[in-house]
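Look at the two complexes coming up: subunit A is in both, with subunit B in one and subunit C in the other.
After this line comes the complex of A and B, so read on.
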């Protein structure tokens, strides 16, 4: 029974991580920017939601405003930071350092406004328990899995069925040709970072509902998401999502045999295995 | 005149690659723009498109000075570039390639719509769902040509379109280029290493050497001259 509980816990955590991985992968494969500040957008989403929820805003309003604020922040970072650096012909290393700087600023501003301590969400339904087949789950965990699967499906549909989604894939595939066929790559980069920020807002709200908020909590999920993106195959939405879930499940199941502090080691073990035997990733070139 | 270059100079970093490049082309005229590797042909095409800033001179298209125009505005005016070896979106299907470019470039006055390019290159219509990157070299070039002409092209800048193609395919593709240009009064600047094939369809020949024009005349005049020592 403990194994089943750990498996379900892994699936729940993996669902949330899967969305972080999808969003990070979309941004990286299109813009080629290692958008570390994405962890800041993830964290900010939780605090925006907390501010609204603690003032008694209805859940649907909290969700809508948080997603909109995350999109605006992502678009602002791309338009005002990355695009400006690109116009100055900055190297990828300079852009990475700028992104790290943006992350540090966001984390510290959040810590200064809210406090660096853990904050609990004032949402009573979130922690109510349900027992399904002997496995204990909170409503937040159930919602996390449902929202995650829905967002994954919507992302796949958007990128393969809508003309904007196809244009984003075109820019990712050949930015030079996109420039000379009027696909406006710079505009597409702003849109894709905004979409990625909207996706990451969901785990940004749902994970703290379960575990509480902390200003510096976004880096570990981003690290796991990065590994999922590489092991899943850069550019593959499904690859990132599946590998993120796989990592979380293995981290949880590893508790049966080794202490919990080794779970990050499990993540890197999976990463090394992929680098050795399938360096292009599990789902390479299958977006 | 449709496309006019006067005293164009351009380059990369501290190095000026081309200088004093001047020519003017009428609608429907095909120019074979030849020269050895590094002579400055691609640099000239990139400057015309606005992908590289001019260091001196001027480019006019349909009487308008282009210097302050963005790449997208030049494309909207009808200047189209078929880039060397990079003319498709390899991760998208054939139909997706055509659809995304059509969505941005087909207006009410379009000369080439989606059915027109499928009619021009029927092999693309036979495999719309195939990933473009897995097409053969010839089919990829047909797709690249389709993307370049969707909408209302008035001047095609073709950068080494025959690279990687079998000789019989090159001849057929060049004939298609000539037919399309002549039937739609479309100007073409053809940068090409396959000198003989390019001269067969050209109305005029310009040869570049070390960033400057060293020959400008008719194909017959080029053949009669001792131009091979520039290659």
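After this line comes the complex of A and C, so read on.
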């Protein structure tokens, strides 16, 4: 019974993590920037939502404003930081250091404003329990799964069925050729980072609804998400989503044998295995 | 006078770490946020060796350096074989994993409370207890470190590393082992960081996980970025300047609750500002 509960918990955390992985994968496969500051956008989304919710804003307004704030932040980082560095022909190392700097700034501004302690969402319905076939779930957890699956489906649809989605994929596969066809890579990059930031706002709100908010808690999910992206195959949306769920399920099931504080070890072990035996990932596109 | 001595000794420990980070990030061009983890491993090994009285200070330092070399080789070999971005993930993973070990492995590391009462270093049966003696010890160590750094920079190996940073493909085409050179650079960086850890543990006689977390790694990166990449002067200026910063901050009246976040915030701002406006740091070469 415990195993079943853990399996379900894994599926819930995994679907939220899957969204982080999808959003990071979109940004990374298009801009080729290892956007570490994404963890800061994820954390910021939770705090924006908390500020609105604790002032009594309606849930739908909270969601809309949070997503908009995340998009603006992501676009700002791409436009004001990465694009500037790109114009100066900065090496990937320099961009990475700047991104790490942006992460440090965001986390510590949040910590200075809201204190580094855990904050709980003032949402009474969130922690109400439902028992389904012997498995206990909160409404937040059910909402997390539904929202994640919907966002995953919407992302797939967007990238394969809309013009903008196809343009983004064109820039991702070859920015030079795309430029010839009158697409502006730098403009597309801003759009992609904004979309990725909008997607990451969802887990950014939903995960803290369940577990509470902390300013420095974004790095571990981002690391797990990047591992899911690599193991799933860079550029594969489905790959990163599925592997993220797989990692979260394994982490939760491992609680049966190993205490929870070592779960980062499990994640990292999976990464090392992939790195040694299949560095291109499971769902990698044929080259 | 005592305060000045301890500032100098601490800054000199960080100069050794700055040399280590500079070797890895500045010269070899490998982005790493796990330098503090390696530093911590060195510190805990020396602390345990001295506290259990299994060996003296000099052999303990040797053991710590060897362990850190082994750690860095194990970490870089599989990931650099694939690509630089895989090493970014690896170094984040190692840093988080090391923090988990430092906090949770209470038997070996004392957990979150740390290890108090580490005995002072002894050289050939002569215990170095006063601050003056300790400053002399760290100064000798830093002098040796600087000499080694300078020799490496001028040796064919140093030129090979700089060539790899400039154009990896050209170096590989010239028949040089790129992976081998990068792993050797990481091994050297490990030796520097490990011995710095040993000096740090014996100098403070108390260590806890906070000194070796992700924030500490970011601080080390900031030191190299502010000082400047690939020069001795840069590796020395960075630590001395940034360790003076907390003292300067005490003159400005900020509440103690946000002092830590304010400090990290400044490091983040420095990282971004230097990458945007002065990638060569105060006294270095272009990153």
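Note that the second predicted complex is superposed on the first by the 285 of 287 C-alpha atoms of A that agree within 3 Å, B and C clash if a C-alpha of one lies under 4 Å from a C-alpha of the other, contacts with A are read in each partner's own complex, and residues count from 1 in each chain.
Everything below uses one rule, namely that a contact is a pair of C-beta atoms (placed from the backbone, for glycine too) under 8 Å apart; a residue touches a chain by one contact, two chains touch by 3 or more.
What you are looking at is a predicted structure, and each value in this text was computed from that prediction instead of being measured.
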item	value
Partners on subunit A (subunit B, subunit C) - clash or fit	fit
Which superposed partner A:166 touches (first subunit B, second subunit C, both, neither)	first
From subunit A, separation angle of subunit B and subunit C (C-alpha centres, steps of 10 degrees)	90
Subunit B or subunit C, by number of subunit A residues touched	C
First, second, both or neither for A:182, with subunit B first and subunit C second	first
First (subunit B), second (subunit C), both or neither touched by A:265	second
First, second, both or neither for A:135, with subunit B first and subunit C second	neither
First (subunit B), second (subunit C), both or neither touched by A:250	neither
Partner chain in contact with A:92 - subunit B first, subunit C second, else both or neither	second
A:174 touches, of subunit B and subunit C: first, second, both or neither?	first
Contacts of A:223 with subunit B and subunit C, given as first, second, both or neither	second
Overlay on shared chain A, then closest C-alpha pair between subunit B and subunit C (Å)	14
Common interface residues of subunit A - those touching subunit B in one complex and subunit C in the other	none
Sites on subunit C touched by subunit A in the complex	25, 29, 31, 33, 78-79, 81-82, 84-86, 88-90, 92-94, 96-97, 100, 103-104, 214, 218, 221, 225, 257-258, 260-262, 264-265, 267-272, 275-276, 279, 287
Complex interface listing, subunit B residues touching subunit A	49, 51, 71-72, 75-76, 80-81, 83, 86-92, 96-97, 99-101, 103-105, 147
Residue numbers on subunit A that touch subunit B, as the complex places them	163, 166-167, 169-170, 172-174, 176-184, 235, 285, 287
Complex interface listing, subunit A residues touching subunit C	34, 36, 81, 84-85, 90-98, 100-109, 111-112, 115-116, 215, 219-220, 223, 226-227, 230, 259, 261-262, 264-265, 267-268, 271-272, 275-276, 279
